[in-house]
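I've put the structures underneath this note.
There are two complexes below, and they share chain A, which is joined by chain B in the first and by chain C in the second.
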Partner chain A sequence: MKSGFRVFLAAFVALGLSWCGFVLAPVLQLGEAKQTQILNSSDTYPIQRTGDATLGLQVYRANGCAACHTEQIQQSGMACDVILTSAGKNSAAVSNLISNLKLTGLTKEEADAASDKITAAGGKSETHIAATGADISRGWGIRRSVAADFLYDSPVQLGGIRVGPDLANVGARLGNANWQLLHLYAPQDVVKNSAMPPFRFLFNVQKIGDVPSSDALQLPKEFAPAAGYEIVPTDDAKNLVAYLLSLRVDVPLYEAPFTPPQISTNVPANKK
Partner chain B sequence: MNDEPKNSNPQPEAESKANGSTVPMWILSLTLVLIYLGAVYFDHHGGWFDPQVYSPYKNAEELDSYQPKSGAAAILAQGKQTYDRICNACHGADGMGKAGQAPPLAGSEWVNAKGFKRVTAIPLDGLNGPITVKGQQMTFPSGMAAMGAALSDSDLAAVLTYIRSSWGNKGEPVTADDVKAVRAAFGGHPAINGETQLKTMPE
Partner chain C sequence: MNGNATSQYNLSADEIDASCRVPLLALFNCAALWLALGLALELLASLTFHMPEKFGGCAFLTYGRLVPAANDLLIYGFAIPAGLGVMLWIFARLSQTELVLPLVPIIAAHIWHLGVFIGTIAIFIGDSTGFAWLEYPRAPAILLFAAFLLIAISALATFGARHQRELHPSHWFLLAALFWFPWIYSTTNLFLLSGHPVRGVAQAVIDWWFANNLIFVWLALVGIGTAFYFLPKFAGRSLPNYLALFAFWTFILFAPWCGIPQGAPVPAWLPALSSVASMLIIIPLIAIAIIFVKTVCGAKTQCKGGPFCHIKFGTVAFLLSSLMLISLGCPHFSKIGEFTWFAPAQAQLQILGFFAIVICGAIYELLPRVMNFELPFPKLVRAQHWLFMLGLAFLIVPLAIGGIVQGLKMANPNLPFADSTNAALIFLRVSTMGLLFLLLGSLLFAANLFATFCKWQCALVKSMLGIVNAPLETSEVKS
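This part shows the complex of A and B:
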């Protein structure tokens, strides 16, 4: 083989380059990732998932949930709304001004310009930033997913196909553990025409003892077991639900800023 | 028609030869132009591998411009952050104070005062001695050190605004300029000696 060394060199360079692209570059970019601060707050993000939720991630993985569900919310843009908080002394001039201004769906520059005009007229305003995009308008989340959301997940369950809805923010969207258990046992009971297969092997059918179990599912007739029997979730089902409820992408971060629905501090702490 | 090859050599060549022809100039130029445009596009939209820049943000500057920096909510959040860092230890997250350590801030007439000068002077200079809060005379053996002296005007203004609008308090916001004025008048003053001395200060 006359050019054996050259073939080896070419193969080495090709594989080496792709190794750099697929392994080295991501490690350089995100290998040092650690907890960050929630925007305008001293709280850190993300918090390590609880023990049952960490086990639940493995149940999620073992049952191939990622084959039909993604955990990545996409965002295509941002929209700013300027909100008048105080008209000031010259309220007639300010209300006249804002009736001629476009105050919703602005870019940041337009919003800053509008807010400067309001300030010049003596009023006060706030700029609210919201993420926009198909996933956001479906109600799947309020901001895009970023690397920090997956800091403690091993392995990350990004998923690639959306047979079912995105689950990145499911803990905030559907935060009721009982609903989640019912949905796992009989998806069509709670979501009509759902394409999801039931995961009944995550539940035990058992004879009702002296008293019914406290965690037995309350099922309608068509899904209920035979008389004298009850359906109770196994630890796997409980862990899986704990994991689902821990999936929340609902705080603003530096890399994904937005204005949370309402910051109100005028509530006494003991009445919250 | 004469179909005979013009080549006088009857033997076909074993290997065809390119006869030194090069890549056409237009392909080279087009490639270079495409590489240039691609690099420009990457420069404008790629974020230069910054791990914090995600689409739809195009670069770190654009992301920075979207950070909430103004507005009442941002000031309250800034104030809460400072409060949690410094004031929380003695006055408590609920602003109720701690017996023997610090008086309550929630509902305190000093906090809800019309003027901002006394309430700004307390963290700036510290406070010793007895003080009456909500009709109750309180003494705190260790007093309060000049916690606000090391804070910037804007941080101190934010934390005062936060305190004056939290836990049911209804005080006017304090601006950085207000703090600046009080700092100019009373900064570096020894710890205020009880409410008798505090009352000698302008409201």
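This part shows the complex of A and C:
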């Protein structure tokens, strides 16, 4: 190449293409995203986090929690079960059909095919969907995280490494605010051998006044302050816990469907 | 190097080198300091895994603040200014002219390092932006952007003043790097840190795009550009030009598309495209490997732990880190590798194993020419090389293996999550030792630079006192 201009042109084209692909296109596709509808429901999702939880996200950001925690549940696939709800008039044919069909642990296509066959025989069925994968069986969540979960967050704290567990659904998993506060103050007290550093700077040590503070942590002897003193969470700690408790991915969406557990008792799926 | 080849023009190599002296010192001195400080903070952060309960009292010592501060010091504090300094010198040498507008990079260097200082403080007081590799808030980001543009002006002016119109392969890579950073840095800051940031996961996608373009592409452009300048000179061979052109084109076409994690909660076409791009990266990698082998293998020059060794080792480290990146883009492996220490291992190999070693080698080579006296501690060059190699062996290998072990345990739903953390803990503790070696190596590097600086200052003061009209020209005892 003889001129610097050609190098610039080359760089411009190369970087410009990837800019269009990974900056412009996502901004156009996701930047104007709106609330979506919860599957089989008229409710919209997500709802804006509460004020203290929104402030708590900033505490999460300032202390770099995302350096150790992800907020993205992974899912390897889904397993569908076809459940017969009514055998219809020709029950003998349907029961005969069912005895020859595999009805559990199916893919979506297989489940649709099976349910079509049942419908053709005159029966009625419904399909129950459950997400599968290591994160799901570990109990971290019911479905994978999707783009819609992060609509109102800024900055979005997806994280990239799991030194600690995934937090995408922590509000539903560990919903006790006192447990969360205690865990922030003394992780090793609540989770044995935890590698998490304590966040004592989010708490104040204060002299017990006439009446002990209602916020004061109930600590075991090992972590308790000197006699006459109490440990009280600061606003930052309370906001952070509010944010953690607001982290829940527990509604089915079009792009991440599942059948909520409470509906799985032969109640028609669209009646919630 | 090619001191006598310049005689056909009016300037000697010595004059060209001398014109770079002050700007380069301004860039390198603080860069060496930030490198040592960054590694020290990295070391401090890794101590969290030895005794987590000791790090609770102070907000500044939280792992989540130490790590971004340390990483940003390595990349913004050390890698970029040091790379730019080497780039200025290569441009001046290739153009056979003195550095044009030498005052501009001197001012810019100070603005840049001020920006890094403010940004680091901001992270420690909790003002980090929360975006990986882009933690500096708006004010320092503006300083960095302005400083980069100023240095680019001086570099481009020097480039424009060249005598020989034909471009050297290094030119392509370095010019592309000059263009790359302002674009990625401005666009990311505008989309993420302006008054109205984009919504939702588009933020994360833009941040991944930026991080990949900075850590993988920008460092590779500067590092490989530097290696392509020095390796043929050391080996006394010429570079296979057409292959280098092929490597350049394919690299800049494919590399900017890598970096979106495979399991990310974003529309599926994004990770899919990224995965394809990381497979295609193998093409420029093979080209670079062939160029490397053709240039270096069988060369009569002995490297003896000197700059040649540094740059050879760095190029190999680049190939390795790229292979790690490719494996992360591979959907089957990424199920195990993602969310583990494997990805940080790749980034550290890219920054410390590849870029830092190549640039340190280049600085060791050019500094004596620029200063017109030998390095104050020439033996430390070899010591630093060994310390870095040892450090990398103790840092990257445990992290990569630990990452895979951790990933395998995480992928098994029958094991509790704590098993994966505990399995990685042993490897993390070993990696602390690697960081210690790297820190010692970076201190040796800094020692050479600061001693050079002091020697130069003393000479300057002496020559002023001695009322000699031509400072420093008395020491023209150059081989």
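Note that the second predicted complex is superposed on the first by the 224 of 272 C-alpha atoms of A that agree within 3 Å, B and C clash if a C-alpha of one lies under 4 Å from a C-alpha of the other, contacts with A are read in each partner's own complex, and residues count from 1 in each chain.
Here, contacts are C-beta pairs under 8 Å (C-beta built on N, C-alpha and C of every residue); 3 or more make two chains touch, one makes a residue touch a chain.
Source: prediction; values computed, not measured.
Considering which of chain B and chain C touches more of chain A, the answer is C. In the superposed pair of complexes, A:V205 makes contact with neither chain B nor chain C. Once the two complexes are overlaid on the shared chain, A:A147 sits against chain B and chain C alike.
Within the superposed three-chain model, A:Q29 lies in touch with chain B and with chain C [touch as defined at top]. With both structures placed on the common chain, the touch criterion links A:C68 to chain C but leaves chain B unconnected. When the two structures are aligned on the shared chain, A:A120 is found in touch with neither chain B nor chain C.
The interface of chain A with chain B overlaps its interface with chain C at residues 29-30, 33, 76, 144, 146-147. Residues 1-4, 7-8, 10-12, 14-15, 17-19, 21-23, 26-27, 29-33, 61-68, 70, 72, 74, 76, 133-134, 136-138, 144-158, 160-165, 187-188, 191, 193-201 of chain A touch chain C in their complex.
Those residues of chain B that touch chain A in the complex are listed here as 49, 51-56, 63, 65-68, 70-74, 76-78, 80-81, 84-85, 93-95, 106, 162, 165-168. The residues of chain C lying in touch with chain A in their complex are 48-49, 52-53, 55-59, 61-65, 67-68, 126-132, 156, 159-160, 165-167, 171-172, 175-176, 179-180, 183-184, 187, 191-192, 197-206, 208-209, 213, 245, 248-249, 252-253, 256-257, 260-261, 263-267, 270, 273, 335, 338-341, 343-344, 410-413, 416-418, 420-422, 424-425.
Within the complex formed with chain B, the chain A residues making contact are 25, 28-30, 33, 39-42, 75-78, 85, 108-109, 115, 124-127, 129, 144, 146-147, 254-257, 259, 263, 265-266, 268-270.
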